[in-house]
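Order of writing sets the labels: A, B, C, D, E and F. Residues in every chain begin at 1.
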């Protein structure tokens, strides 16, 4: 061996590490929940995170993975409501959604946030197709009740349209609006919807990109990040209140998804550059992984 | 023959008339431009026209045609701009579109008008998929210039996504936003976009559903409806000013489409109930047909 | 709505009624028994009924149904026997069939009646292919016995050849001669054979075109036509003698077919012009429908 | 080598000779004209020739060749006309065919001769399907004129139906009736039709099974059999009258077929047992072979 | 019939006998064990047997059978060892195989004997592909133990590669070297390997070409050849010592193969010219056939 | 960004660099010439280079590339000849190859070197299939003449077998023996054969793994490595003697291959660990690249 080849040798070592992961995940569906209530990147004027995320999605697809992007958009909905002088009302932490609020939410989710994600991905080629859960029966919902108006719960996912787009090597980007049998639309929690979509697609992975490090054994202690959890352990963290707030629907979606056949669920730190690539293609991860 | 069978005989005559049309158009693509500047049905609270239109689209698809719906939404854009206190400026009859206007237009077209048409069709089954021209390179545009801001002209249509959805027996509903090579979005005239889509799909028919009877030899004279025109005759009517106003982009799109291989273009009276069915499946039409 | 559009509206109503039927029956096999002992149209010099029937068959095929025509030809067999000076003998209402009679019957069925039906359909394109039940194992028979000679009963139908012709969008026209394992041919009752073919093809419908109105509660009372019957009710009508004569094998074939998976069997009045179209594609029927 | 193995060695030699022919002709279409004016086997009560012929056809098909049988039936038509007291009139050696004669010819060809050949082949399995040239546009004809009535000349062959049946490993047996554009049927010379079918199918071989030894240089001299001829030499034999009578249409069909792409045409002695097998699969032939 | 046609008639009789066998075995896999310890043809300078064998293999393939050739090469291995001054040691009749012996054996089997068989077959076209059991997991082995060194027993066969080559109409020629999970190669008994390959391919036939007449009831008595045996009877002959020496692994492989689904196993006299053809395609065989 | 994430960021950067290469080469054929006259790794007892090479081949295949390995084995042939007491004669630098030498060469190449490469690759799964250029017409050769005996030149490559194995995701390993039309085998230069195979497969890349750094502008000057060359520049280096000795056939094969459609040819330093991976998947290379 020749001394000055050292960088090549280091590069070789990483390739030898990464290639088996690339092989293993080729053809696999990876559902990525992006942004939402805890991660205000989209539409807030500081989109550098979005462009790196979009590059990752394009790279994943280019080596044969099938990414599906799911997103919400709470902050942006609130912003437009405010501009329109519409008062935002919360009940038990949930937005009360009258007909006009639903109309506004749908405009923002489908007509603004979804479009910005699609545009960012399509900088890398004609890859992304924006969808609403209303399209072709994608997300079936029922009204949650409790005077919340048009807030719905997912009762079914028809993955046919997604599968067909994935077969064409396109990247579906899904805004989480659902419909009931009568055609009424509902606002749906995006974390829950991402989990249901991962289940319906028998995804290999369900990944939540958040603005925290992952799940910590002690939320106040940076060094206490939990690298691997079982679904049962995760249930315990929710029950004990260690996982709380916006982390609860993510934790529940992770636990449910891995029990329903998704091989692994991840809560990643979206602030780490190219977190998706590093998590998927190297031995070391950058967040919390949940396994059955 | 037995006398009281008369109604059956009349029914039989119509079936014998209609079945060959149904056979002939089976498998054909029909691009239908719905609503827009001259036809404010969607989103104005009086949607009976929309539900009949949606039923026709579902019936066309059920007997093997491949309808594609294209729409604009000028009045609804204006309404939201007004609510947001944004001043609407027109130059030479065209809306000046700054970045915020584009944002609003996209929310209305993709997040509201498109959604309402999709919902109306999906009452008849999980048929419709809402798209923006930004998805998967569908509508490629360039800036028109002339201080109009983000107003674009169509320079290309990639029909791959539409073809794939049609192959799955789905009904694409297209909001006419386009993008340029750099990923910048533009507002596009929906009549022109409908024509370009019909060309790109080698559609059998391009149909404009309007709120007028068709093209008249004398615009003021109800009895002067022109039932059939050649592309050249239509050019003459535009040149002489007989076709004017909102009819001009429709007339130009019709003339261009039939010259580019679309078998026939139609300007129909959308106020006639089930105008689409009667025009497609019987010997007598309900508007103006343009042939090469 | 505009007053003078009334005819268009009526037309629209019928299209809205007919299109769902056309959709529903697309791709379905419809076995039609034509002519035979009660309906002497073919070969008798007054063929207007045949040409309308042939037009209906061509139209059904053109909109995606798969019609199969089955026919007998008793009167024409008798006519040729008479010309050849061969005495016709009946025993218990069945023609005694010696070797020469079988030879004559086969010439008439396969070489004359079958050819005339094929020719009438092929006026509408190269659609029809004449077959005998002897071809490619189509109708397997055994001798009935009872000194009737070469009269056979159907013991099996191999639908492979029919299915292949239907896949090529051709219209099989079947003369009801069968063969046994030793290759001996037999004359087969055409009503029974039509039912067995419908079963073997898992047909959607089995239709008998006759020269009566359908089955009446009181055969002597024109107003007593029974529009819908169950297989059990039909058995009762045969047992009580309400259905008698040439109607018996039709009634039995209907009852057996719907029990074996054919969705519905119909006894139609072939004298009504385009009876097939009106029965299949409108809400009102023109005869008796039998359901399981 | 061991002495008593001699018979095995002789057998081995023949297998080594035959197997390459079997390989070469696998998948090839072979059109065989059987019987007709010079060979009255079918329907005359002495059918041992037919059963051997049928066995050969079944064996050819079993090793992957695609035989198509074409037949006429002049003597049998004459016999039925006589029984019906219908006078047979010939003009320039051709049967004058009025409407009734056509009806009788069709009954005999399609309903009797065709059926007997189909039955003989089907003794070896469900292989044969009887067809008339009227089916699915198979033989297109025009009236020959010259006061001959419904005598037609072949102007086109649509081999689609034949090809599809061959793809299903079935054996088409074709009665040579043709139709014109108006659906009128005509009696067609079977030798000419066999040649036209061989052309349309790009057959490897066209074979006439006759009751003579082949073509002789001197018709009166048994030792003068011509084993191989070119199309040009064959033309000379027709021009010089060496080939005459019923041999003329055969000779013309052979010459035309090999010029149109059929690899070889054969006139074989059908009285030699299994002549087809010996001709196709061994170095020595049993008749006259025509090459381009 | 004409007297001088007699030879044609005899030929016809053999064709009628052979064609059904050719049909029946078309598409079937036939595993042929060639040469080995009892039959030193390959590589000994007297290869006339090899060229006839190769011609038979090419002919079998040409008429649609799928032959697979399996071979050993004991004598040739011994010859090279001797030239290299390497002592050959046997223990209980088995060659002790140290690492160098294995290296030599592999060179001879894969690099010499295999190549000569491939070359002989390829004189008839580009048909043969030489393989070692080491390729693509073909023969999985374990060490036999007993101080025999690298002598292995077959524990599995992966027929995927063979099937794919057969699908391409190629002829695999397999040298019987196997590997264990760690990639260590072993010398394998070729008779046993041939049987295991026939099982794995669900072969129609397993054929051993030997230099004896077959199995005799009395090994010393030429007239006592056993033409047909069951697997149980064969077991008895091994147990009683009637089958002994090199015949034992052949007998065991035959008995095992027919019990595992191979339709018939044959021990043929390879000294009979074209023994393969005569055995496969005529009623009379040239050796011993074993059936379940 | 968080400080301790630095390694993750560096990893991310390399992944972002490598993934587009992986995408670009997926599905591409890469022909790799391994070992031979300048690189004595195989069979010399110090095989650590072989196992790293085999791992790279397995990794390339696992991410969708189609590697084909080509090898010679001059030193090993010499070694066996010596052991057998066979004198090695060279004329103009080429081994004189009499029949016995050819026999020995073939045993070594096909039965020893080829087997060792196959075994090394198959440690990573059942991937490799050893072939000789004699199999299925792979390498067609003619005798070179000049008293060299059985030394041949490549005149054709039939890539069918290779393509089929690649379609099954197998890795062909080719020993460079060729045959002429008469079936005579020849020893072929492995560098030339590798180039001809790359051409015939329309390979994306042809790679020579050598034991030098690449091509230097001044062979004596380590710092003068040429990173990129055109085919014309390479011709110049051969003409001027800068490229000499064993580098000449490599240089000629590179120049010819890129002129014949291979996108790029590489001469790599096989002593660099994982040189193949680093060259293919990173911006920096480890040798000389030749482009058209």
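In the analysis below, contacts are C-beta pairs under 8 Å (C-beta built on N, C-alpha and C of every residue); 3 or more make two chains touch, one makes a residue touch a chain.
Here the structure is a predicted model, which means the values were calculated and not measured.
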Revision key, fill the gap. For chain A and chain E, the touch-path distance in steps comes out at 2
**Study point:** Partner chains that chain C and chain D have in common
**Key:** none
Exercise for review: Overlay chain B and chain D by their C-alpha atoms and let me know the rotation angle in degrees, rounded to the nearest 5.
Suggested key: 120
Study note, to complete from the structure: Chain centres computed over CA atoms; the one at greatest distance from chain B is chain E
Review point. Measuring from the mean C-alpha position of chain E to the mean C-alpha position of chain F, what distance in angstrom results?
Key: 35
Revision key, fill the gap. So, in whole Å, the Cα centroid of chain B is separated from that of chain E by 72
Practice item. Let me have the rounded angstrom distance from the C-alpha centre of chain C over to the C-alpha centre of chain E, please. Key: 60
Exercise for review: Give the residues of chain E that touch two or more other chains, as numbers and ranges in rising order.
Suggested key: none
Point to revise | Graph class of chain-chain contacts, one of line, ring, star, complete, other | key: ring
Revision key, fill the gap. Ordered round the ring starting at chain D and going to chain E, the chains are D, E, F, A, B, C
Review point. What part of chain A is in contact with chain B in the complex they form?
Key: 83-84, 103, 106-112, 114-115, 118-120, 122-123, 126-132, 134-137, 158, 160-161, 164-165, 168, 170, 179, 183, 185
**Study point:** Residue ranges of chain A touching chain F (in the complex, touch as defined)
**Key:** 1-2, 5, 8-9, 11-12, 14-16, 18-20, 22-23, 26, 55, 59, 62-64, 271-274, 277-278, 281-282, 284, 286
